[in-house]
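Please read through the structure below; I'll follow up with questions.
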Amino acid sequence: MNPLLIHELVRAALLEDLGRAGDLTTDAIVSADTRAEALLVSRAAGVVAGVGFAEAAFRALDPDISFAVARGDGHAIGAGDLIARVAGRARAILSAERVALNFLGPLSGVATATAGIVRAVAHTRARVVCTRKTIPGLRAAQKHAVRCGGGANHRFGLDDAILIKDNHIAIAGGVTSALGRARAAAGHLVKIEIEVETLAQLEEALRAGVDAVLLDNMGPELLREAVRLTGGRAVTEASGRISPDTAPAIAETGVDLISAGWITHSAPVLDVGLDIG
Amino acid sequence: MNPLLIHELVRAALLEDLGRAGDLTTDAIVSADTRAEALLVSRAAGVVAGVGFAEAAFRALDPDISFAVARGDGHAIGAGDLIARVAGRARAILSAERVALNFLGPLSGVATATAGIVRAVAHTRARVVCTRKTIPGLRAAQKHAVRCGGGANHRFGLDDAILIKDNHIAIAGGVTSALGRARAAAGHLVKIEIEVETLAQLEEALRAGVDAVLLDNMGPELLREAVRLTGGRAVTEASGRISPDTAPAIAETGVDLISAGWITHSAPVLDVGLDIG
Amino acid sequence: MNPLLIHELVRAALLEDLGRAGDLTTDAIVSADTRAEALLVSRAAGVVAGVGFAEAAFRALDPDISFAVARGDGHAIGAGDLIARVAGRARAILSAERVALNFLGPLSGVATATAGIVRAVAHTRARVVCTRKTIPGLRAAQKHAVRCGGGANHRFGLDDAILIKDNHIAIAGGVTSALGRARAAAGHLVKIEIEVETLAQLEEALRAGVDAVLLDNMGPELLREAVRLTGGRAVTEASGRISPDTAPAIAETGVDLISAGWITHSAPVLDVGLDIG
Amino acid sequence: MNPLLIHELVRAALLEDLGRAGDLTTDAIVSADTRAEALLVSRAAGVVAGVGFAEAAFRALDPDISFAVARGDGHAIGAGDLIARVAGRARAILSAERVALNFLGPLSGVATATAGIVRAVAHTRARVVCTRKTIPGLRAAQKHAVRCGGGANHRFGLDDAILIKDNHIAIAGGVTSALGRARAAAGHLVKIEIEVETLAQLEEALRAGVDAVLLDNMGPELLREAVRLTGGRAVTEASGRISPDTAPAIAETGVDLISAGWITHSAPVLDVGLDIG
Amino acid sequence: MNPLLIHELVRAALLEDLGRAGDLTTDAIVSADTRAEALLVSRAAGVVAGVGFAEAAFRALDPDISFAVARGDGHAIGAGDLIARVAGRARAILSAERVALNFLGPLSGVATATAGIVRAVAHTRARVVCTRKTIPGLRAAQKHAVRCGGGANHRFGLDDAILIKDNHIAIAGGVTSALGRARAAAGHLVKIEIEVETLAQLEEALRAGVDAVLLDNMGPELLREAVRLTGGRAVTEASGRISPDTAPAIAETGVDLISAGWITHSAPVLDVGLDIG
Amino acid sequence: MNPLLIHELVRAALLEDLGRAGDLTTDAIVSADTRAEALLVSRAAGVVAGVGFAEAAFRALDPDISFAVARGDGHAIGAGDLIARVAGRARAILSAERVALNFLGPLSGVATATAGIVRAVAHTRARVVCTRKTIPGLRAAQKHAVRCGGGANHRFGLDDAILIKDNHIAIAGGVTSALGRARAAAGHLVKIEIEVETLAQLEEALRAGVDAVLLDNMGPELLREAVRLTGGRAVTEASGRISPDTAPAIAETGVDLISAGWITHSAPVLDVGLDIG
């Protein structure tokens, strides 16, 4: 992801948490020259994502902090595993702790959720991709976490690829017309995908020419037929209620991609804690 | 919450999604003067939160949009229920759809998760409160969603109340010392809460005088004893692995508050969709 | 205060002063490699506040500046006393001088004004507190300066405590109703204070239960009676036209707090200068 | 002043005051549909400045607010005089009240302080000017307030004119050298002023050619001689400890300008209140 | 382009031009209630781009301005042709004039330059595309202007497509290796283009599979051969020193695209003026 | 120029180019620990401006970059000349390359264009000055580039000098009236210039007293007469269609300044490249 965004996001989160008065508790109890060492430790098994955010949080409050990564982004970890060791001013460590964890926990949660689906379909050729159903402000961070979990990225926004949905098709008056308008407007480095709900729409799209087809909410039988019909003429993406349980049957239909909103909008946090030693 | 933040957050989310080039798909397919009407509809039962964010998203792209709320923040809804009706420029509706839903879904998810615990403890006197384990950038919005779900708010940040945790106690050299330093520094409108892990610590804290005690990770038996020991001298808050399943037994111990990080960091989205009519 | 705000405020002030073209005078006259040493010296007796802002101003224009604090925030100083010694690029020192002094002078002015009242009531048990009558943008900095002068902090904003004023009481239809609504909405870490103008209102507030009472514009006689009536059931705060002259009589009534808007909205600057050696 | 800055400054001040949670008190007590009318009234005699800021504060929280100005910027007012009448949503009026007053009071304080000196020297030809000793972030607003009080503006920053001070002269190796370097670098629309402490320096400056001379900390006798020596060849500005008491004697020396830092860095607030009717 | 960016860019430009003190000239000479009408008129032949920016500039200083577009973005105009008619507060029109023209002139310059090349190659099948050689801060605006001139857009940034350049190939150790790494990392909606300098590299790229090839600095003969060799297996883009003079010979080689940095980094302004009537 | 602006502008440009996903190409192909060395080399003869911007771009992505300037701002260079040598992380060099060049090329283009006119009038006493016809957001940077090319700066904005134009004169009802209003409002460090189109207007302006006169679109004969008529009573500035070709004849009329919008709004880029060694 764009590395400059880490700094921006962490700074905004610290301003949000420290507010005007700063950390009332720590400033009252801990003297400015007390030093401490702490461990970022996972309380559960999962995949790490967001270590750079955690480091940036501590460093923003103590530029001289020492931060040694034990298991960085993309590593699978078990409960009790060390992620990183922090040492420096105790005030900085205590005041930045929650912000560091509020990035590390949810982003590792995304990576872990992604890895769960990736594992479930590892016996197939399907890749797991994310969607634009992300938390406002955290899109690039969450998409990075998806990659940490072994997934691949879909569009980052409305502006980096064309994805024609049912409402666009309805307004355009059909698949062919929608694809025609899209192709006329698209630059030569812009790919075009279209959402189809029936095999008839799929055939129409393939005839018109398209880079990828989004097979929305189709059951395994229909998906299998869609893959066969497509015959490699476009990338096939299955979407709709993908979970580790439902993913295998969908992936076994031969689709190229299965996309899951759940991994970014509803992944439970990975429980990570900070232990002061 | 601070109403000015809605505008700031929505604008940032639209800039994130529209990027530099804007909505390539919609701009290619939908003409500037096409108008549309759409319904924000829930696909599942839950509690609404974030309707003001959705409205702000549409309005940012079409100042003349019509937005009529059917079931606003705090309303319980069932699958298929209408939340709001939008009418205006089709481009604005399609381009703002995902941002609107990315606020409405996750915030309603927080409200729904909160309501689930609130219901589970409705036969007790316990109130459900949130924590600082929130998504970076969305704290005020998520805390608002907790209230929509019937919960109450804990601290909004490190700066609006004192909450002494185990690490603070360790550095201060004990509960009494930590509370003494906190009281000396606290303004007269700052409340003080302390996290205790044993009845001995609880007794020490109550003797030193404190507004609230956080009873961390205690089982129901211990909690019951802690509540009896406290005897109304402080607000009692139980925390640690609260879920709709575990909440009743904890609430029945007589604690004043049960706090759950899960409702803000891991609540699944409420599935809300936009249907163009 | 939140340490991240220092950087933000200083940067904004430098952008304000340097504008587009930068320091025309210094850039024309002083070569880029000229070095200088300078002393921040007080021209009058007072209490220091804002040294961290001054340092940040010089450092923003010369990251390698040397800045040695002689008498830091909270120190009482006399005319001619050294506050800090700066050494580095002459251009940086001259271009940042005014911004450094525009923080150091007014903030030390706030600390000095506060200390004046604190001294005047030192023979009583009253603490001196500030208000929300602060300079826009400088609230956290001014509240910090109040603490440097020996005062304590009131609310930092509308969002960290409840303070019910006359207009709220009027709209609610009375003290009891206003307090009832406030208590129902307040989180467990939010204190509630109410402004009362008569002993009858005071009695009503105490009966309803409240953390603190703001005794507005009462004379010493009435204040004394209010303190007696309160009998320790709430923190008592006297406000209204507090100055070093009027403060003693008010503090001697036994109130817990005396609050003064004057120390933040009208404190004269402490005259601090920069002498290049 | 730049009118866009009013919006920026007011918005930042509201974000500072409302924080994350917003106005806890008002939101708890006043319903969203309650309406109110209020009067901005002066509690003392003075000169108004900053009415546009007050209006912007109310309007930011209620775009449909009615705001009728009775005595606008630059008007002299007495105690009890109406400045403006506000009507609209009660929540908006109560939540924006303090921010509105925190601009209106201090800016009117600057205007009033300026007017005091202007009146004191009205029998002379001297104009009263401000300095760069302003509150960080409020320079343009304070300079506007100086004009409301009948004063004139000095430089707005380091970038819109050249003002050579003692330290510049020392580094340049003398008045003539400093002026030479300045003239060589200055654009044709940049004026040059130099601070002189002796008549010898003054003579040297006038010989070298300069637009204005800052006669720093000279007594009336010396000033009179300096004015005579200058003989209209440059604008003469007297500075140093100007107050309404000291100003007449200085102005009577015949200087063109007297500059006072006090009117921007230490002017007491004009007491303005908001009365809800 | 993203419509929210227009507001952001115009606001920043007005803050840059109005500075702290605002429009000294207009505020001194024109009363606040004077009204005026003005015409935005082209002084030369060209293609219009940026009318929305001009409107936003006037509207920022007078929300009630009337702005009637005669010839909007993408229209070809001659010297003397009316672009838009503005009516409203004279101060707003005069103070925003330069900012409005500083967008309208350079953006129309980009559109006009683009149209010049488009016309020069109209007898061929080649489309004209822009590059990332844009003015910092204005990329989306300039890319929009390119479309107004009949051109098409290349990448908007480093993040919306992969373009492998000579340095990437050198570090990867060859075309095939670079393409392999790129394909492994690319999401399914990310296209891949590679810069080649020889026919051997071109062959290698086509064998490895690629969406587009950038034929850098090849002469017409070599281009013709490259097009033949490619045989429709990838989009062909010719780049390097494209001007209206050189473009026809290059376009006649049969390439799909010719890309020109000149149209965004060096296009002369279209002379547009504002005539007050 | 204000050195803080360099950091702000470069950061914004990097955010614009790197977007959400960052540099897809470089991140896919170049490993994080690859190091590289690169040369910033001019492809054409010209004058350098903007080296500090280039350095800031590389440093933002690699704080430990080594950046050695060979020919800094203001140096005349030939084709093939080295400007600076960069060494550090290869990813940082490749990802920042375009942003660095997008500042260095256009700013050096401004310097080169300026130097061209400066050379053309070197046999006269005329200085070359810029205008406010600058690229939005880049005014201070472009004005700095003009100085690098040997030119001088006109106003930086509407707020640092008064320049009365034809529309102001028309609204004021004449030259004398406009100058009177301007003088009454102007601070003592604000210079006043007026645009005149006839000798009659010039005479009227000189009689009223003015610092500079802008002789707009006058031919050499008329200019010569205007200079003679002025007789040193004001600075004379000739404007209108100034190019290296037309400049000598205009400068030979004896005017003090010739101002050219072309050097900032239409200067072609200086072709600068980055060669990785």
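Note that the chains are named A, B, C, D, E and F in the order they appear, and that numbering of residues resets to 1 at the start of each chain.
Note that a contact is a pair of C-beta atoms (placed from the backbone, for glycine too) under 8 Å apart; a residue touches a chain by one contact, two chains touch by 3 or more.
Predicted model only: the values in this text are computed from it and were never measured.
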Shared interface partners, meaning chains that touch chain A and chain D: B, C, E, F
Reaching chain E from chain A through chains that touch each other, fewest steps: 1
Furthest chain, CA centroid comparison against chain B: F
Identity of the chain that, by mean CA position, is farthest from chain E: C
A-F or A-B, whichever has more C-beta pairs in contact: A-B
Superposition of chain D upon chain E: rotation angle, C-alpha, nearest 5 degrees: 120
Equivalent interface to C-F, taken from D-E, A-E or A-D so that over half of the residue contact pairs match: D-E
Separation of chain C from chain D, taking each centre as the mean of its C-alpha atoms, in whole Å: 22
Centre-to-centre distance between chain C and chain B (centres being mean Cα positions), rounded to whole Å: 32
Chain B and chain D: spacing of chain centres that average the CA atoms, whole Å: 44
For chain E, residues that touch 2 or more chains besides their own: 2, 16, 18-22, 139, 153, 156-157, 159-161, 163, 190
Chain contact graph, described as a line, ring, star, complete graph or other shape: complete
Touching residues on chain B, where the partner in the complex is chain F: 16, 19-20
Interface residues, chain C side, partner chain A - complex: 1-5, 139-140, 143, 153, 156-157, 160
Chain F - residues contacting chain D, complex: 2, 127, 129, 152-156, 159-161, 163, 187-191, 193, 211-212, 235, 237, 256-257
Chain B residues within the chain A interface of the complex: 9-10, 12-13, 16-30, 34, 36, 90, 94-95, 98-99, 101-103, 105-106, 109, 132-139, 156-165, 167-168, 170-172, 178, 181-182, 184-186, 190, 261-262, 265-269, 276
Parts of chain E lying in touch with chain D, wherever the complex brings them together: 11, 14-15, 18-22, 60-61
